[in-house]
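For reference, the structures are reproduced in the following blocks.
Look for subunit A in each of the two complexes below; its partner is subunit B in the first and subunit C in the second.
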Partner chain A sequence: MGATDWIEIGRMDDLARLDTPMHRLDARAKIIVTLAFIGVVMSFPPHALSALTPFLFFPLVLIYGARIPMGPIVKKILLAMPFALAVGIFNPFLDRRPVLAIGPVTITGGWMSFTSILVRFLLTAGAALALVACTGMVRLASALGQLGVPRVFVVQLLFLHRYLFVVAQEGRNVLRSVTLRSSGTRSLNLGVYGSLTGNLLLRSMDRATRVYRAMMARGFDGEIRLVHPHQVRWIDGAFIAGWLAFFALGRTWNLAGGLGHWLTGVIP
Partner chain B sequence: MSHHIVEVRDLRFAYPDGTEALKGISFRISHGGAVAIVGGNGAGKSTLLQHLNGCLTATSGTVIIGDTPLTPGTIPRARRCVGMVFQDPDDQLFMPTVAGDVAFGPLNAGLPPDMVEQRTASALERVGMTHVRERPPYRLSAGEKRAVAIATVLAMTPDILVMDEPSSNLDPRARRRLIELLLSFEHTRIIATHDLELVLEVCTRVILLDAGIVVADGPARDILGNEPLLLAHGLECPYSLRPARPR
Partner chain C sequence: MHIPDGFLDPKVATGLFGSAVVVLAYSAARVRAAATAVAPAMVLATAGKKAANFALGARRVLTDEGERTIYKMGMVAALVFAAQMFNFPIGSGTSGHLIGGVFAAVILGPFAGSIVIAAVLVVQSFFFADGGLLALGCNMFNMGFFPAFVAYPLIYRIIARGQPGSLRVGVATIAASVVGLQLGAFGVVLQTLVSGISELPFHTFVLMMLPIHLAIGAVEGLATVAVVSFIARARPEALPTSPLPGTATGIRPILAGLAIAAMVIGGAASWFASTHPDGLEWSIARVTGAESVEAPESGVHQRLAGLQEQTAFLPDYGFKQAEPGIATTIPAGPEPDPWPSINAGTSVSGIVGGVLTLILATLAGMALRTRTTSVVPHNL
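Coming up: the complex of A and B.
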């Protein structure tokens, strides 16, 4: 098993090579819709919860439409989860106003906003990961360039992605050599870890330099070119228009609340 | 004028830490030759190769490709002319698929899509790797990676092929395929290697480096058969040229 399998970076590229209607959509259309999605989800007030639920529809449609298995997406969401937890963890202690009572349980504003942060994180991280998995990093980078993102950022993004593999590979080699010579001891002193990290950094930099030279040797000038540049089709426009309309509806009215009200109104 | 000529005149290079890697190297390689650069570890082979397409810039001295001296202005042209196969194919393969990697050079050269596709297909066919074209490079075996790395360079139709340790980490079958491939090229080939048996099969001329200087330059069989010379510079005679010794 290679280092890249270990952290499953390569898995996203594998998924991006599938051929589904979702994969065939123009990368620019998917980027525009995903950015709009993230913007709208983040714009809800801090305690919003039920109004956010219809937005789950977008990442799920991307994931199922592109036939992406849930496993890799969930794993990566869990990997980033501590950051979202760190952002919201103090809210329940800071905001103790009761805002909702379900039977004997009183829910405070802090818990509501903490849950809202987690839901937003799940939605936005899920959508961004689904976007990468059904588009691929090279197509994404090329589309960002076409959308007017400065070339220096696009190239940074592409190199960041490429060097993740490099660092993972080097990290794997260093860890293996430590394990082989640590005689089963699990805890090594801080000094050893310090020099390991330094070593990993230097090795990765050397390797990154060699990769960069190989790219320059084949005429790389900062612009990402694709073998089959995408032609915009009517379906790409429909994809953008349809989702933007849905997001506008979801932002203006609480669709979940409305549906519940309608259902409870009809069924006594 | 021929693009296939490589000339190096009094090339000197020191790394930023002060290590003098090249101390005045000169040679001229003409059209279609296969030349081996041999020498012990740290002799300056890889450093020398990296000067041939402008990856490193000499402290002093000149590299001439065809009839054009290498300067910052002429480097892009030289890179189209000199195809470099790196020592570690993992450094050279960076796109998500093999086909994407092989097409990378032609796309950067601004070729139209149909010609890019044609170059990609023919380079992969040349190295016998058409069946892996849609696979991610990091999932290939060492031999396949090496062949694909060579294809990425062939797709740019270079006049000169420069290879750093092309047979390292290859099993005997993959090495044999590599030798057949090298023999089939009409390009000027410059090969830095420790694999002296490969040199005997592929190269007609050998340049022996030690501590950043050229210590011998001549026909492959003469230099590789000179045991005292090779031993003095950290190498040994290839087995097939060793005089029979009583056991």
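Coming up: the complex of A and C.
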């Protein structure tokens, strides 16, 4: 994880400050629908592929509806992809049953399940990132609190989100001074590593203490107030009901397969 | 080590998610009890610490020590993130850094430590797609529960006697890190295999995961020792000298750890037993089967066994009989006819439908985008 990743967190926060119909939806509704979406996508059998395609609607509607640029989302998904590739890449070699034929080309079960893993990863990771980008950490955290997550944990999430920037700035200073003093050698020995990382923690703790005191002195009472107060509207209920119905439909019938049958006229 | 959502069966994911929520709630209750005191009404009326009302409910207020604990937790969480900026070389081009499970438990105690790791995992999955949302339960177990509630009380606290920085404490830290990561890696293997999405045989997967995490664990142990002993030298008061309020002394954390482990394992096992009577049996059969048949790529028997395992473990999936031969389904007869009837026509129709749906989804999204861009400025 490089130093630039923190800028990306800031980018997600910027996106979350936009004002679109997607942003205005209640955060709880978005969390519930996203979790349901992920659960349904995960529940497909290992070789499902065309039946998964209709599920692309959900992340795309969130992303386009919230005017989130595609670039950062795609970049994050690609960066997180290695684990999915590492575990899934063995499937084509382990499962060589032919399951599909397009003219002379036969496709094996292994390739199907490998592709299916990648599609699932794309869908679930895309939905999670879209949720964060159109909601933002503060609203997500307070929604989690309303959904019954312990407050100690919610406060931790908010602290972590805020302190990341503090630590990252201190870390960048430390790294810069190491680079300046070590005249081109890039290696740290274990002792130096320990003192650098320990120093980073102590320095950031001091700075966080100062920030916290300053906030207390200015009347911070622990509550982060939102510009848009939460008001559950009918549209939030409709959002939940509509998507859940769509997921149930897409899970029960292969919508894409049905469309293909209808178009190519090979109705069984 | 972060499992994404795509690899897990929803039953495995939600089962462990539920268990992780229980552990988290219990940890939160312990931290809250340790960080607060019941406030007399007068103190509540005059105290400057209104934050307590938000964080902890109206009747209890943060003690000074508790206030330090709360924001120390935030800092440790941020550090666990940021420590990945710094690497030290191990040799032959590889390098290591702090990962954090044991570190957080040593600095904060197991309860606060596991909350910190959970928070880190949530932010990683929110902002970096590193680990899935429903997979959070599994990841919290592998990276938070095992180091904080198994490795820390059963290894670190038993071996470590003496000042931080001493050899004994160093050995304890490294041993705890290694064991914590091994357990976590084994957890990844079990959860993925029981889910049945990956085709990797058990022994290959174990051989892939455990040795590498042995090395990573040793490196993490060294990094943790280095950081903790620096803090012990530079600012000893930042370390818990007397056991932290939440951690209690002696045998209690061990008992607590064991009790939680038993509860969770029992809960998870009975849960599996109720929904899928053959779930564990399946994984065991798969293990023994994998041992007896060495070559994974050949043999009709192996393929049949693979198909049977899939059909046995996922009996209620899909509409296998309804539309045989579509791209998405493998017609699943448990016996004689293992091959799906390949029909180019239906295969093509599956592909056509899939591609068309993708296009439709994209077009719908774009239509939505143009609509919202025209609507939003009006609302602004």
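Criterion: the second predicted complex is superposed on the first by the 181 of 268 C-alpha atoms of A that agree within 3 Å, B and C clash if a C-alpha of one lies under 4 Å from a C-alpha of the other, contacts with A are read in each partner's own complex, and residues count from 1 in each chain.
As a convention for this text, a contact is a pair of C-beta atoms (placed from the backbone, for glycine too) under 8 Å apart; a residue touches a chain by one contact, two chains touch by 3 or more.
Just so it is clear, the model here is predicted, and its values are computed rather than measured.
Undergrad: Between subunit B and subunit C, whom does A:Asp14 touch in the aligned arrangement: first, second, both, or neither?
TA: Touch status of A:Asp14: first partner only.
Undergrad: Quick one: classify A:Pro82 as touching subunit B (first), subunit C (second), both or neither.
TA: Touch status of A:Pro82: no partner.
Undergrad: Give one of first, second, both or neither to describe whether A:Pro69 is in contact with subunit B, with subunit C, with both, or with none.
TA: In the superposition, A:Pro69 contacts neither subunit B nor subunit C.
Undergrad: For A:Gly171, select first, second, both or neither according to whether it touches subunit B, subunit C, the two together, or no partner.
TA: Once the two structures are laid over each other on A, A:Gly171 reaches subunit C alone.
Undergrad: So in the superposed three-chain picture, is A:Val41 touching just subunit B, just subunit C, both, or none of them (first/second/both/neither)?
TA: A:Val41 sits against subunit C, while subunit B stays out of touch.
Undergrad: Quick one: is A:Thr264 in contact with subunit B, with subunit C, with both, or with neither? Answer first, second, both or neither.
TA: second
Undergrad: Output check: A:Gly136 vs subunit B and subunit C. Expected answer is one of first, second, both, neither. What do you get?
TA: first
Undergrad: After superposition on the shared chain, which partner residues are touched by A:Gly109: those of subunit B (first), subunit C (second), both, or neither?
TA: second
Undergrad: When the two structures are overlaid on chain A, which partner does A:Gly242 contact: first (subunit B), second (subunit C), both, or neither?
TA: Neither partner.
Undergrad: Using the superposition on A, tell me which residues of subunit A are in contact with subunit B and, in the other complex, with subunit C.
TA: 2, 137, 162, 216, 220-221, 223
Undergrad: Write out the stretch or stretches of subunit A touching subunit B in their complex.
TA: So the residues of subunit A touching subunit B come out as 2, 4, 10, 13-14, 16-17, 136-138, 162, 165, 169, 207, 210-211, 213-221, 223, 225-229.
Undergrad: Write out the stretch or stretches of subunit B touching subunit A in their complex.
TA: Within the complex, subunit B touches subunit A at residues 50, 53, 55, 76, 79-80, 83-84, 86, 88, 90-92, 94-97, 99-100, 103-105, 107-109, 113, 116-117, 120, 134, 136, 138-139, 152-153, 156.
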